[in-house]
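Letters A, B, C and D name the chains as they come in the text, with residue numbers starting at 1 for each one.
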Amino acid sequence: MSWMLRLLFLAVSLSPAALLMAWDADLSWPLIEGVRLSLTLTPLAGFFLVLLALVAPLIALPMLRRPSDVPSLVLFVLLLIGMQLLLLAGDFVSFFIGWEVMTWSSYLLLLRSPRTDMVTSQSYILFNLASAFLLLAGILVFYSVTGDFLIRAATEVSRPQALSLVVLFGLAFLIKAGTLPLHIWIPRSYDQAPDLFSAFLSGSISKMGVYGLILLLTLFPDALTGFAGRFLNGPAVGYLLAWVGVITSIVATFKAISQEDMKRLLAYSSIAQVGYITTAIGVGSSLALAGALYLALVHTLVKVLLFISVAGIVLQTGQRRFNDLGRLIERMPISFFGVLIGIIGLAGMPPLPGFAAKYLVFVSLVDARWLLLLAAMILASTAAFIYCYKLVYAPFLGHANSPEAREAREAPWPYLVPQVILMGLLVLFGLFPGLAIDVLIDPVLVGLQMAPIGSESWAKLSTAYGGYDGVVLMLVFGTAFALVTGLFLLLRGRMRRAGSPHDLSFAGEVPTAETPLHYGAGMGRELRRIPLVGWILRQGTQGFYLGLAGQMRAAAALLGTLYVGRPQTWILIAVVVFALSLAVQAMMGGL
Amino acid sequence: MTLPLTPVWFVALPLLLAFASPLWVRLRLLMPLLVGTPAALLLLAFVLLPEVRTAPLLETIVIAPPLGIHLQLDSASWILVALISFAGLLTNAFIWLADGEPYLRDRRAFVFLLLLIAGCNGMVLTGDLFNLYVFLEIAGVSAYALSALRRDASALEAGLKYLIIGSVAAVFFLFSVVLVYLQTGQLNLAAIAVGFGEIPGPMQILIGLLMLVGLGIKAELFPFNFWVPDIYQGSHPAVAGLYSGLLVKVFLFVLFHLVFLLLADPKVVGIWLMGLGAATMLIAEVVALRQEDLRRMLAYSSLGQIGLITLALGFGVEATTAGGLFHMVNHTLVKLLLFLTAAVLLRSFVSAQLADLAGAGRARPLAAALFVLGALAVMGLPPLSGFASKLWILKGFAEAGVFWPVALILLAALIEAGYYFRWIKVLYDPSVQLQAVHPVGRLAYAPMAVAAGLIILLGVAPFLVDALFSEGAQALLDRGATLTAVLGAGS
Amino acid sequence: MHAVVDSLAMIAVSYVMGFLFYGFYRQLNARVQRRWGPSIWQNFFDNMKFFFKSETLTHGPMFFFGPMIIMAGAFTTVLFVPFLKDSDWLQGFSQYGNLILIIYLLVVGPLGNALAVGSSGNPFGVMGVTRGLTRLMGLEVPFFLGLALVMLQHETTSVHAIMAAQDGLANWGLVTNPIAFCVILLPFIASQNGSPFDVVGAPVEVYAGPRVEFGGRLLGVLMTQNMMMSIAKLVLVVDLFMGGATNILVLIGKAFALFLLTTVVSMVFPRLKTEQAVDFFWKVPLGLGVLAVILTVWLPSWSA
Amino acid sequence: MYHKTQCEGFQCEQAMLEVPDGVEAVREGVLDRLIAWMRQKSLFVLAYGTGCGAIEMRPLMTSRFDAERFGVIGAATPRQADVLIISGYLALKTLRRVIRSYEQMQEPKYVIALGSCTINGGMYWDSYNTVKQVDRYIPVDIYINGCMPRPEALIEGFVALQARIKNGEKGGYHHYRENIDWYKANQRKVLGDQVPPAYTYDWYHAGDVA
């Protein structure tokens, strides 16, 4: 029975892939009078469906590990169905249905974690529902303008209508994407969600906000330039959006550095990465969109890889704080490589595809002549090195700081298989930066009626501003590495392994197991002394939102006093209201 | 002898059975009969459906209108009648199958339930103002009694309070009936409708206000609904579910029936009703944020939904009205489901307080899952039925280009999410290991499962029924057709 | 074959230039301090001594591979920077790369080595790495902004194309875009680990910083890559701002001139703390960069 | 007057350790000579200020005496250093650190002991807490006597050390490895259980003395 269930679950997790292969027709389903759901597959949605198809089975596999949580499996299936509906939506109602199914099923999945607390779950669902309801409002405005629910470019829209549409849709998608200052639900929920589900949250669900933002651009062909014209070489409204994205990534990056918990760090890093994507979308040129899609691809692969690795660590050690881990490189080598490849991709280091994505975005910023944005983005992406390093140093290197970390074993194979596959994919895309362009991104750009990037060969990424060759780069680096290592080993003299991890230069002192040798938490503490960073880290939106919630509760208490338990008061109020209405009518001259 | 299948059975059958029941002594036969009556009524409703869809059914009793009494079953009232029978069936089945409190599985309880059904059916069907009052009292009195059935202080207090406020409402309504009769000399609704325009303006306002206060109290509109939480909390949840799911809907329907029938231009009061609806909705949703008792929370949530329906019906456009009617049905299903869940939880854990239910999801997974389903539906999240009706309402507003109700409805839904999800979170609190005190039979879940199944079905395939609601809305809104049907073409 | 010989030649040239430049630097430094100083070959001796130490301690495989990665990164960087203009020689694989790639390659090695430092388990080393990354975060912003001004000026990221556009002194980047040069100058010094931004590896600050655990041959590798990487950066700036070089002597001359400039700046100023350095980068060079953007990008577009 | 005819006490052990004059120079080939030549050109010094002699290190390294001329330059950590300078008297407390640091240095490594205190305790000859004779605990390659020796003397010491390295003479570290048990016994005698942990030297026993 449970065997069948597992098989079924795995089959469903493969459904996005199957859909991608087999989809060739449009479906439609009547809902109520005048509302008909129609399903179709656009190239843009196809791209995000590819991401989903890649990720879903990889996360489903470790979820199946015994003892598995059957409600989680059911909810995950619902979530997948919702997301596929969202991506296949040819009209806004199915889009919204998919969006909402995704929202509530992910919320219920979030509750499956024993760590989720009230503030987290409430902020998750309220922000997401706020996003959904803004979306619904936008859809209704759209409906009142065009007269039906089909997703298509709105041509005859007056400026105020277009503005309200852009604001409503934009806010909805920005909440989902988690840009500042609407991000507050992300770190908490990514942190406290079930470990594997965090991977899905960050890898797939956040991409839906990105999908929405790009979709928004297609709704109004001149959405970015239409309102305020152009700034330098790009759209003026996009300039604002790009700054929102970049500030998001800067702030989130610094917040990430100061975290002391692996999953929270990854959560903030997720916000930062989506910030880059938002920036690229703001630029809006074909180069920039290619960059945005590329970033989305890389971020999906990388974040799923990292979250699964981290889930493996948490599974084996029960620890998630940097200070409680360490030295896992010897105990969990494959997970180490997972995280290593992950952070190389995350940091956008060549030769992994993260670099190709960043390259496209940088070039598009130069092309748009938005150099200040470029500088700000560089700030975020170099500051990201610090948290990337922290992520690999604190759990895997250094000294083991807890008994669990000293005795941990490698994660079970359902955790390792997805990691190995994702590492392979990252290396593949890194070697062939043109592959993703040619196969995944150019069709989308053509579908959006933009100039494709094109690639002369899969090994090459080429733009008007130049490009690079991934295979040559990898070959040169690999040869150099082999050469250097070989030469080094040819030299005379003995290599000796230190007899103890405590054989350290420590100013003549002898460190012991009690000496605090792990620098995991210290990383980022120094940063606070930099005035700008210190200022950023002192800010927060939590106070505002908690205050809002407090005001709401105060209002509830105040209004609640109306509902007293005395019949005489009820009658009194009824009679008084009756009398007052009569009096008012009388004064208005009605009587 | 063949019994003609006419609308009169909707009132007569439950009344007959209820009053005849003391003659039966042997309970074994009686109970299935009492429980089964709503099923028979539901069957009857569906048998009559094809006829109703072609033309409204008029059942004249003794003399033809305008002098005599008549029952009118049109597409709109059919929805309500079917709903009443269905809700009664579910509640009866639950009480019967749950094998719970003995005072509820008693003959008296079923008698009162049947009376309640009879009263509701009567109110919906009748074409006569005074009859309306009579049925209103029948339904009211049986409701008071149902509240007070449990022999303890809180139930008696609830019953007494309900009696007081209900009587006040009835008095207000009776005054308006008297005034109408004085002014027009008619009691038949159609006839009054024809003559209503000739009543002097101030008197119209007075009558309107009296009716509004009377029915407003009963239909739980804002400044008159302060009694609701107390009563819902004091009554047994299954009964409270009937109030919320059934009784209020009936009064609301009556209110709007009167508005659309009596007034040549309902838009005049529509805006005020919309305002009342919006206020009811927002205030109730906000107050619900702090409720710590499941029944009170559901009561406020119910008020919120009533506000939403008022807002939709008050707009008086076909799409919103159809959506509003659809939402009535959905809300009935959902609230029945939620209150029955509350009954299960209350029975299992003795308390309905938030703090005492923490972790209930692990001890009663099915009940908690059904609660989640109900909560999602009541917030109007797809793919459940609440979404379809809400979408219909919102679409109606959007078509008309009126966006303030849209904003308010969405805001209210967000606030609603604030407390429903709080409850869901607490139900699934992992830190508490809760043990059920009393067992609950598996059969008790059957009625809830039926409601849940319908919620899902109507959510996924609302096109199965949407024509009914469109026709219902047309029937409700088309004053001329009703007048013609009752009074003949010449009037 | 050509590629192999060419690559080896580039590596050799950068190594020789590296130790000679550093030897010169130590001489000059000594003279400024009124000392005789070591011979100009001293860096070569030091380097060779480390390569031939008879004992080398490691802290595990990652500790060993870190220096290998940084060395491979240095080789790769050198090979992706074109040393000469209009020549078949000393080009390496630079036609397969671009300026942004080179900037990132400059960081690959140090990050690889940071793994080794972490693997050693010495907190002082990790502290040094953190400081290094923090400084990188500070310097990269104005540095990249300055280079972006160059990319914008030539509308390409190809170093070859930028070099080709600067024929004749009048077309040197230094002349056509002096403000960009000013923007990158100080970050450039910092990226060379020069004073006043040399807090990262300073012996008295955190016990030699990232290199605390490295000794023997591994330290030799680190020294080598440091010298080669410095040369790669110098040549890059020569390519971008000083019109590149047509033959090796010109290259050495221009690189030496640039080296002299940075050395003089380095020798005059005392060391800054990490956060002071970062703050400085975000105020002065970045402020200059913003000014440059306003002057060279915004104003022309508004007046147009 | 007391006149020493025979060795007595620790002096006998000392005699055992002393390298006879005119040791065989370990010269094997051109490469070794080249390496030795480069080694002597570059001496990285680990200079812990263990005693008052450390005061002479500063003028040595700075402009006036400029040891960098000889390729002598300071190193921050034992891993990078070639020469350990024991600058004056060693207390028991510092001895432990010095041993630890010495063992952490990478071979080839040399020790220069600076000042009389390192030879015989100097003015602290009767202190309960001062190590009187350093080479009982770690091997000393060059003694530079004086209290304190001038920087010129230090330079002379370095030059002498360079000459020894250039000639390919065996450094003190060979001694230390070959007689590790004796050194450790001595260390344990004064330090008790405060001896630095064994993992820095236990590989000596594994053979493979390169």
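Keep this in mind: a residue touches a chain if its C-beta (ideal position, glycine included) is under 8 Å from a C-beta of that chain, and two chains touch if they have at least 3 such contacts.
All values derive from a computational prediction rather than experimental measurement.
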Can you identify which chains form the pair with the largest number of contacting C-beta pairs? A-C
Between chain A and chain C, what is the separation of their C-alpha centroids in Å? 35
From the mean C-alpha coordinate of chain A to that of chain B, what's the distance rounded to whole Å? 44
Geometric centre distance via CA averages, chain D-chain C, whole Å: 38
Averaging over Cα atoms per chain, report the distance between chain B and chain C in Å. 78
Name the residues of chain C that each touch 2 or more other chains. 52-57, 207, 212-213, 216
Quick check: what residues of chain A touch more than one other chain, meaning two or more? 493-494, 496, 498, 502-503, 505, 507
Chain contact topology (line, ring, star, complete or other): other
Touching pairs among all chains present in the structure: A-B, A-C, A-D, C-D
State the interface residues of chain A toward chain B in the complex, per the touch definition above. 30-35, 93, 96-97, 100-101, 103-104, 107-108, 111, 113-114, 116, 118, 121-122, 125-126, 129-130, 133, 136-137, 140-141, 143-144, 552-553, 555-557, 559-560, 562-565, 567, 569-571, 573-574, 577-578, 581-582, 585, 590-591
Any idea which chain C residues touch chain D in the complex? 26, 30, 33-38, 42, 45-46, 48-49, 52-57, 203-204, 207-208, 211-216, 219
Can you tell me which positions in chain C touch chain A when the two form their complex? 51-60, 62, 64-65, 68-69, 71-73, 75-76, 79-80, 93, 96-101, 104-105, 107-108, 111, 114-115, 118-124, 126-127, 129-131, 133-134, 136-138, 140-142, 144-145, 148-149, 151-152, 155-158, 161, 207, 212-213, 216-217, 221, 274-275, 278-279, 282, 286, 289-290, 293, 297-298, 301
Can you tell me which positions in chain A touch chain C when the two form their complex? 232, 327, 329-330, 340, 347-350, 355, 359, 362-363, 365-366, 369, 371-372, 374-376, 378-379, 382-383, 385-386, 389, 392-393, 396-399, 465-469, 472-473, 476-477, 480-481, 483-485, 488, 491-498, 501-507, 516-519, 522-524, 526-527, 529-532
So, in the complex, the side of chain A touching chain D is made of residues 493-494, 496, 498-500, 502-503, 505, 507-510
